[in-house]
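Each structure below is given as C-alpha cells.
Below are two complexes that have chain A in common, paired first with chain B and then with chain C.
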Partner chain A sequence: MDIWGQIISYAYQYFDNAAFLALSAIGLILIYGMMGVINMAHGELMMIGAYTATFAYYAGVPVPIAIIFAGIVTGVVGVIIERLIVRHFYNQLLSSLVVTWGLSLIFTQGMLMIFGPSAKNMPTPFGSFSVGEFSFGIYRMVLFAVALLLIVGLWALFRFSSFGTKAQAAIENPTMAQALGIDTRRIYTLTFGLGSAMGGIAGAMFAMTAAVSPFFGQAYTPLAFITVVIAGGANVIAGLVYAVAYLAGIQTLTVNVFNQYIGYISIMAAAFVALLVMPTGISGFVERRRVRAMQR
Partner chain B sequence: MGGERSLACGRGIGLNGPQTLGNSAFFWVVWAIGLALMIALPLLASRYQIINASNILISSILAMSLCLIWGYGGILSLGQASFYCIGGYAYGIAGINLIQSSGNTELAILAGIIVPVGFAAVLGAMMFYSRLQGVYVAILTLVVSLLLGLFMRQTADPFYAIGKAAFGGMNGLKPAGAGDPGVPPLTFRFAEYSWVFDGRGIGFYWLTLAIVVLVYLGLRWLVNSSFGYKLIACREDLDRTETMGYDIRLIQLTVFCLSAAIAGLSGALYTAWGAYIHPDGFSVAPNILVVIWVVVGGRKDLTSVVISTMLLSWIALELAPYGEVSLLIQGLILVVAMLIAPDGIVAQFGAFIGRMIARKPRIAPNSWKEKIA
Partner chain C sequence: MIATHWRSKLATLFAAVSISFGAGFVSEAARAKDVIVLCTIDDLSGDFSIMSTPKTYGYKLAVKEINDAGGIEVDGEKKKIRLISYDGQSNVARYQQLAQRCIFDDEADVVMAGYTGAEREAARQEVVRNKVIYWHNNQGEGGIADHYSFFSGVTPEQQVLPAVKYMIENIGPRMTFIGADYNFCRAIGQWVRVAAGLNGGKIEMEEYFPFGVSQWQATIDKIKATKPDFQVHCLVGADQVQFYPQAQAAGLRTPAWSNVTIADGYEHKRFAPPSLANLYVTPGYIEDVDSNESKAFAAKIRAMFPDTPYVNEHAAFGYIAAKAMAQAWTKAGTVDTEKVITALEGDISLPDAPGGPWTLRGSQHHAAMPSHMFKVKDDHTLEFVKAFDVTEPTFLKDVGVDLTKSSPGRQFLPPENAAWAQFFK
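Now for the complex of A and B:
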C-alpha cells in the first residue's frame, strides 16, 4: 500500500513540476517562436495577472472569472507594450531582450511603489486527497489540467483557425504573407497579446499557490527561460511539450535524491546537455527529422 | 590640417582607430582636462562625495567589461554582475585568509581576477564550443548568475566557509571565528614599505582612478589592434569570420575570459572599498544596471560607456533617498534611450560633436544595424 503511495507521490511531483514549467513558459515560447523575441518582462506580466486575479477575488469575483479577467488585462498590457515599444525591435534579438528587460524593471519597481513590498494571498482551493500515508493537494493537478488545456487550445488555434493559418504564413515567410494581403503587423500584435494573456492566466493560477508580491515573477522566469531555450522556436508546441517532459523528469529525480537547489542546478546541466546534442533546441531537432522524413 | 595631426598623435601607441570614437587631438585635450579635473576632485568635493566617487569609478570598470564583450564582441552577457561578485567574494576570501600571514592583499587581488576567469573559462567553453550564441548566451549567463545568488543566499550555515572566511548567507562575507580578521583594505607591501588604501580614503580614490585609466587605455589599444578587428568581425558575422579561417570559438572564449577578468577586478575593488560583499549582487537588479549603463552610453564605444556609467550612477545616488523611484527611473531611461538613440545617447552626442568639429561630415564608424543570428 505504501509503495503505491510512493509511486503516486513521484508521479504527482512530476506532473506538478511539468505544470509549473509549462504554465510559466507557454506565453513566452509563443512569442519567441512567432517573432524571435524573448520577452524578459514575461515574469512581470505574470505578476500583473496575479495581482489582477487577487484584487478581483477579494472584490467578490468568482475564481474562474478572476483568472479570465487577469488574462484579458495582461493581454491588453501586452498589446500596448508591443504597439509602443517591442515593435521597433523586431529583427534585433538582443535589443528586444534588453528593452523588455528594462520594462520588467519598470513594472517591478512601479508595482513596488504602488502596492508596497507586502505580499498578498489567495487561498488554495479544492483541498486534498490521500493515498496511504501521502496527502496530495488537488489544485496542483488542476494546474496541470489547465496547462494541458492551454497547450491543446494553442494547437487547435494554430491548426484550425484562420488566424492560425495567417500566423503560420507570417512566420514562414513574412514578405510573401504581406504580398498576399496578410497584415503581419496586426498578427504580431495579436500574438504578443495572446502570449501575454497566457502569462497573465498562468500568473493568476500561481497566485493561489504562492504569495503575490512585486517580485512574484522572478520565481518563475529563470526556469521558463531555460524551458524556452531548450525548446527552441522552430515548432512551438512540440518543443514545449518535449522540453517540459524532459526537464520535469530531471527535476523530479534530482529533487527527490538531493534537494531543491541541486534540482535547479541539474536543470541547468540538463539544458546544457540538451543544447550540446541539439544546438537549435528540441523543436529544431524535431523539425529537421520531420523534413528529412518527408524528403524520403 | 588638425585632423591629420591628431590621428598621428595617438596612432604611435595604437590608441586611436576606427573602433573608438574620439581620435582627434581635440578629443585627447578634452580627455586630459577631464582626467585632471577628476584627479583634483578631492580638493573640491566632500569626503562623502569622494567615497561615492570611488564606487562610481569601480562601476565604470565593470561597465567597460560588458562594453568589451557586447559592444565589440557581440556577446551579450546578462550576468556580468556575477563575475563582479565572484571576483568580490574571491578577493574577500583570499584577503581574510592571507592578510595576517602575508601582510598584503596582492594575492587576494590576483584571486579576484583569476577565479572569475576560471569560472568564465568553464562556462564559456561549454557555451561557445557548443556554438551557442545570441539570446542563448544571454539567457544562460543570466540564469547562472541567479542560481549562484540562490546558492550564496543559503550559505548562512558555518559549514560554508573557506579557512577563516565564512560565506555568511544573507549577512554577506564575514570572518568565520571571533579572532579572525575582517575583509582587509587594499594593502601593498614592498620590502619594508607598506601602503594601505582604505576604501574611505582619498588614496583609494586616486588608485581606482589610475586603474580606470589603465583599463580604459588598455582596452582602447586592444580594440584597435588586430585582435579588435577579429572581435568586430565576430560581432558582425560569425559565419563569415569562420569562413575567413578564424577560430571564432577561441576568439569568443578569449574575450569572454578577458571581460570576466576586468569584471572580477572591479568586484575585488568593490569588496575592498566597502569591506563587504553580499549575495544580492548576483540578483537581477545589479545585472540590469550594468546593461543600462552600457546601452545608454553606446555599447560600441568605450568612452561613451564610461561617461554614461558615471552620469547614471550619480543620478542613482541622487535618487537613492527616494527608494524605488531610483530603479524605476533607470528602467525608464533605458527604454527611452533605446527608442530615441539605438546607438547610445552619449555615443550619438559624441559623434555629433565630432561632425561639428571636423566640419566635413563624417560617418560614425558603428552606425550599421545590429545583426544577430
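Now for the complex of A and C:
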C-alpha cells in the first residue's frame, strides 16, 4: 500500500470534512453568537445562495462573480427578514426558533411551487490531482480555502473595522452602546445580513458539488447546528475553529478506522461528550478558563 | 386526576365505537357511490418529490383518458373515476394517517401509495388491514406476497439479475457494492449476491451508509484500492448522490451499475456533466426508451404537464397501475374487492405500455415486463446498450407461493429460495 498517498488521503479527508462543517456553520454561528437567535432558516438561505449562483452561472456570469452575487442576494434577503420579522424576537430563543422555522418552511415550499422540485447544478471545476495510487478532487480543497478565507475575513472585520468595534459594543452592552450614539438596530440588521450572506456564499460553493433543489439546505443544517452548539456563543470565531477542528478530527478518524456508518454516528457521540464536559460550548469553556487564569 | 383518566378512556372507547359504526356505513355507502375512487399518496414535497411528482402525472393522464372515454361500466352503469391525490411530504408518519383518510373518509376503491419501502409499508399495512386493494408503483425489492397488494414496477429479477450478468460478462467479474442502509438497498445487496453467484462474479467490498452521508473520499479510496471491474450502487436521497460529482472529481472512472439512479431521479439532467459518466442503468421505462409507445407516452405527459423536467419510471408505473385497475373493474363488472382481485389475478395485460408489453401475473401479483439498459455518456446523453426482453416474475413461485390459492401476507427475501442458499453462506 502506498504510504504517502494514504497519509495525503487522511489529510485531504480531514480538510474536506472541516470545510463542510465550517462553511455550513459560519453564518449560523455569527447570528447566534452576536444576537442569540437560532436561525432555523439558515439552510434555506444557503439554498437561495445555491439557486442564485446557479441561475447566474447559466446566464453566462463567470463562477467567482456568480458566487459573490449569491452572497449579495442572500445578504439582502437576510436584511429583509431581519427588518420584517427577526427584529421582534431578539434574545427570545424559543420564539425566534419557531419563527425562523416557519420561514424555512415558507422558503422551501415557495421555491418548490415556483421552480419545481429540482434544478441543474453547476459543474465541479478544476479536476483532480494524484499521489501514487490515490487521486483527489481539487475543488474540495478550494472549499476549504474559501472557508478559511471567510473565517479570517470575519475575524479581521471584527478586529480592525469600526463596524466590528461598534458591533462588539452593541453585543456587550446595548444600552451603553446606544448612549454613546451607536445605532444598535442598524448593527443588528447588518450583522444578520452578513451572516445570511455567508450562508449564501456557502450555498453557492456547495452548488458545484451537490444537486440543487428546494430541500438543498436540509443536507447541511443538522451538522451546522451540531457545530454551533459545540462551539458555543462566547467567542464566535474561535469557537467555530475549535468545534470544526474537533468534529472533523473525530469524523475522519472513525470513518477510516471503522466505516462511514460509525463515522456518522461518532459525530453525534462526540457532540454529546463535548456538551457533557463543556455545557456552554468550547468557546464558553475556554473563556471561563481564561477568566479564572486572570483572576489568579 | 382519576376523573380525567376515565374521561380520556371513555373518549377513546367512544371514538372506537363510532369508527366501527363508520366502517359499517362505508361499505353501504360504497355500493351506492356514483364514482369509483382512486386514492393516491405521493411525495409532492420534501426530499423525494423529485422522484414522485411525475408519478401523479401518470395517474392524472390515465384517469383523464379513462373518463374521457366515458368511464367504466360497473353494476350496470357507466361510472367515472374520481382521483384523490394526497401529499405524503416525504414523511413516513403521514402515510399511515393519509391511508386511513383514503379508506374511511374517501371510501377509496383502491389506494396507490409510497415511494420508499418505509412509506410503502406504512400505507400498505393500513390499507390491507382494511381489506382494500393496494398498489405500489415503483421499482422495488419484490417478494411481497399478499392478497390485497399489487406491484406495477420492475423487480430485481428484471433489473439486478440481467444487468449484473451483463456487467460480469462484458466488463469483468469483480465488483464493489455500496448502498443506503435500509430495507430496499439491503435487499438489493442480497439480489446482487445472487446475481454474482449465478454468473461467476465476486463481490470484493460491500458497505451500507446512513442517509445523511455526503463526504465520500474514504469510500472512493476504498473502491480504488479494491480495483474492481465495475461498481454496483444503490445510493438514495440528495446527500448520497453527491457521491457522483465527488467520485468524478477524484478521478474514479470505473464503470458502475445502479438500479435507482436516473430511473427515479433523472440525475443526468440535474447534475452538470460529466458527473455520472460511465454509469449503467436498467429502468423499466424512461423517456429515452426508443419506441413508439414510449415517445407517445412522453408526448402525452408533456402535453398535459409542460413543466415536466423528465418523464421517469414513476410516471409510467403510475399510469400502468391506473390502466390495469380500469381493466380489472371492467372485467369484474363491479368494484367489489374480492371480484376485482379475481379479475386482477386473471393476468391483466397492457401490450402497449410505455416501456413495452406489461402483464400482471395473477399468481405473483408482480408483472412481467422488459427493461432497458443505458450507459451515461460524458455529456450526459444516454447511450442505449441493450434491451432485456420480457422477464417473468418467478421469485414468489420459486419459494412456493401461488397468490391465487393462498396468501402468506409477508415478504420473502432471496435467502429463502433454497436454490440460492449457497450464496448466503
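Criterion: the second predicted complex is superposed on the first by the 290 of 296 C-alpha atoms of A that agree within 3 Å, B and C clash if a C-alpha of one lies under 4 Å from a C-alpha of the other, contacts with A are read in each partner's own complex, and residues count from 1 in each chain.
We adopt the following convention: a contact is a pair of C-beta atoms (placed from the backbone, for glycine too) under 8 Å apart; a residue touches a chain by one contact, two chains touch by 3 or more.
Predicted model, so just to flag it, every value in this text is computed and none were measured.
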{"item": "Superposed partners chain B and chain C on chain A - clash or fit", "value": "clash"}
{"item": "Partner chain(s) touched by A:Q109 [first = chain B, second = chain C, both, neither]", "value": "both"}
{"item": "Partner chain(s) touched by A:Y264 [first = chain B, second = chain C, both, neither]", "value": "both"}
{"item": "Which superposed partner A:I138 touches (first chain B, second chain C, both, neither)", "value": "second"}
{"item": "Partner chain(s) touched by A:F225 [first = chain B, second = chain C, both, neither]", "value": "first"}
{"item": "Partner with the higher number of touched chain A residues, chain C or chain B", "value": "C"}
{"item": "Touched partner set for A:L276, first chain B, second chain C, both or neither", "value": "first"}
{"item": "First (chain B), second (chain C), both or neither touched by A:Q178", "value": "neither"}
{"item": "Touching partner for A:Q168 - first (chain B), second (chain C), both, neither", "value": "neither"}
{"item": "Chain B versus chain C as contact partner of A:L97, first or second or both or neither", "value": "first"}
{"item": "Contacts on chain A seen with chain B and repeated with chain C across the two complexes", "value": "108-109, 112, 218, 222, 261, 264-265"}
{"item": "Chain B-facing residues of chain A, complex", "value": "38, 85, 88-89, 92-95, 97-99, 101-106, 108-110, 112-113, 218, 222, 225-226, 228-229, 261, 264-265, 268, 271-272, 275-276, 279"}
{"item": "Of all residues in chain C, those that touch chain A in their complex", "value": "45-47, 49-50, 53, 181, 207-210, 212-215, 217-219, 221, 224-225, 238-239, 241-242, 245-246, 248-252, 267, 269-273, 275, 307, 309"}
{"item": "Of chain A, residues touching chain C in the complex", "value": "1, 6, 9, 12-13, 16-17, 20, 108-109, 112, 116-124, 126-128, 130, 133-140, 208-213, 215-216, 218-219, 222, 251, 255-256, 259-261, 263-265"}
{"item": "Residue ranges of chain B touching chain A (in the complex, touch as defined)", "value": "70, 76, 78, 126, 130-132, 134-136, 138-140, 142-144, 146-147, 150-151, 154, 284-285, 288, 291-292, 295, 323-325, 327-328, 330-332, 334-335, 338-339, 342, 369-370, 372-373"}
